[in-house]
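Shown below is the structure under consideration.
Note that the chains take the letters A, B, C and D in the order they are written out, and that residue 1 is the start of every chain.
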């Protein structure tokens, strides 16, 4: 199961409240969660990380906001359950992938965090970095790693979809984050890779991607800085649920979760 | 009903094949369709416009690619059923909104086309332009216009959602286009405006947002120009269906359409 | 005389030390100075403004960093000698142009501050805003305003040069700021407008545009946030000196000032 | 001697007319010239390359527009005197540095072409690529290479200056291109590297960076595509002249050339 960007205290509370029952209900073996906005909407903190882990999250991935909280850097360097995008240049704190043991003798899963470049920072190529890391994983863990999961933190749909096709058949799934809007394009690509452009935001939806509506609108209206304030209301849980085949490592089922549903009336 | 970006000849054929039966099945009164990529994936043409109209589309909206085909400019200036984003600066060809008669004495509907600025061109403010056009419509068409529909062609989810909140209660619906990926956030905002960040792409999905996979991936791998070639396979129909209340002009039902469904296996 | 971006305390000290002697030596009637980086390299403050005025500056213009120091907003709203770019959207604090009395019965001078949009914020069109303000000034101050001076704060050379040509013959001079590098293209355009793409930086040049070298290089190497620290050494004074014709309002002489000169050796 | 971006046929003619006399007058040993706009203002061609070589140019460097003319790719792959930015990703056509014999037994010179990323394409890191190539050159050509010259094709002044400081003492000179405006910051950095942010444009200056004024202004006014048309009038020759010390490989003199001078009147 992959949980989209958890935003601020409201998002953390939602995970705390709902995750365990989801895990039980859907018999989930492993939970990855993007946490780049968990610390009051901007960056990560050790406290937020601990809350996510306590709630049942196995690995917390990051993104461009991973670097927003200078106090988190020590944890980033050493904590085994936290990742930042792998394709940040050499010399950056933290690690970009990890190999984790699954329960019930299911073998290991590699979790890879990558970040896009279109409309974002000029970091290393996510495509070539993906090639490198897959080779790395395959060579060093011949038999144990059964699954490779990729969180691709990116803005442009073209870049996300391109990476999905690029890795089709080579990884278990590529799920996007960063736009904070869940996309309806979850699918199994022809060679067996699960794909969804964005898992969406677990956090306050009475907001503009997690930020209070007035601050966000003022930024656009005046094009000047307005204080970031995390929103609070209308909290939803957004995630993507994957069924992976143990013998092939491929996705055999993919389903979006968005709870509770928005009001959609009747057509 | 609003149909997302129709891409190339495959998209046009799909509309031609399916639209009439959808209209019948769902008893649709009015069809708006974004056509900025209808002409071989880039821009519009009179021919494509005629095909869309013949298939049952009432109004064709545009976006940043509206200007890609110089040969279309004469049609853009004069054809009553084609729009381009209203907030392009004064002096730009074409018109950005229109008022159209609904069938069965349902009154008139105003269709407004706006474009975002984040990661796009520095055109006029979409928020202030929306204020202006709503005032315009209300003052000049006091009684006849029952509904206002907005196609917001934009890249950033924050800008799209901000406009949704900004116009909540003032227009019937704000539906986004441009990313070519349908989002799962269709909802009725608290004051009655229907909202969805992106209606998605009606066109070939064995592609990167409509473009052949290899060209798109090569652009990202090498950061050099590679010929745009429209993809051809796996054509899907993407749209958003709205039920509007005749007395209030508000949305009472919103539903995404994506046909046929992607392969999602079983979770 | 127009002084380029004054950066931090070192820049302020340089102005304090040298401006009065420059004014005397070159018999300068009026001094405009860009101060967007005067407050420790980021934004403005009342204290920095007072120092500039005490040193002989008549008007302090701004730019994108004007909004960096929230504490300055009250001064920005009320102080007659401080400007921010005029083409920020309606509702923004402060004013974008002013009319000032010249000494010795030379009449009035209008100072206009504009900002570019290429690679910067999506504010109002600088070209159309220039048209508007020139009309404004001409209509409301028929006889008194003899000169119009424009500080165009912009990144892209194309946008700067385009505005120079656009205003040629309609204003006394268009001088650019923001890149912090003085350009060697000072010239009198065919219809009499003085032009220079950038006046350069009055501040510490043992730096990357005013910032400490290591922080700046680290930002580029790692693409992560690194604290902004204002540099201190190798302070230079950068300005453009203009001779304007009293009867036509046009530029009859333009000269770059950069003091002291860099080390250039002997070719 | 390094000649800034040569634009179109007017630029080529200027080089043809003036270069040989400059070479003679200043006793120039080696001529590098940026040619990314030599082919009608966009890209390169074999014909333009031949004209530059015939006029006395030893090496032609490139930039983002190198890829604008598809017909040039064969020449780019094979011609020894043409370079493109070295830090384009692996797999890109052409080469990014070369080692050339100087006349009169002066040894060899390495010419390196790099491109910036701020406001440009997300290619490989220019700083790390510079480290790599310097090591390469030093290891493989221990004794013969006396000088290393870098053409840094970049938009942002911060990135250019940062590379200058980064390479100070390690290369003979870093000269910028791409903005088409000559900067007045030519200097010898403390450890002996010659530096200038931009060599400027050799081409028609009755233009917006080489493009006809009306097309350029229309693009900004309307934010829609307008045909690129190369300007023709007011051709100037822009270059940077360097004196290098044979024993240390460092710059001992740096001088801008801009011929003929602009009209500057008298202050």
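Everything below uses one rule, namely that a residue touches a chain if its C-beta (ideal position, glycine included) is under 8 Å from a C-beta of that chain, and two chains touch if they have at least 3 such contacts.
Listed by chain with UniProt protein names: A, B, C, D = Metallophosphoesterase.
Keep in mind it's a predicted model, so treat the numbers as computed, not measured.
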Could you label the chain A-chain D interface same or different, taking same to mean over half of its residue numbers are used by both chains?
-> same
The larger set of C-beta contacts, choosing between B-C and A-C, lies at A-C
Averaged over CA atoms, how far is the centre of chain C from the centre of chain D? Could you give it in whole Å?
-> 29
Where the centres are mean C-alpha positions, what is the separation of chain B from chain C, in Å?
-> 43
Would you mind listing the residues of chain D that make contact with two or more other chains?
-> 89, 118, 122-123, 125, 128, 221
With chains as vertices and touches as edges, which is it: line, ring, star, complete or other?
-> complete
Inside the complex, what are the residues of chain D that reach chain C?
-> 26, 118-119, 125, 127-128, 155-159, 161-162, 165-166, 179-188, 197-198, 200, 208-209, 211, 213, 216-217, 220-221, 241-243, 251-256, 258, 262-267
Along chain B, where are the residues that touch chain D in the complex?
-> 67-68, 88-89, 91-92, 121-123, 221-225
Chain A - residues contacting chain D, complex = 89-90, 117-118, 122-125, 128
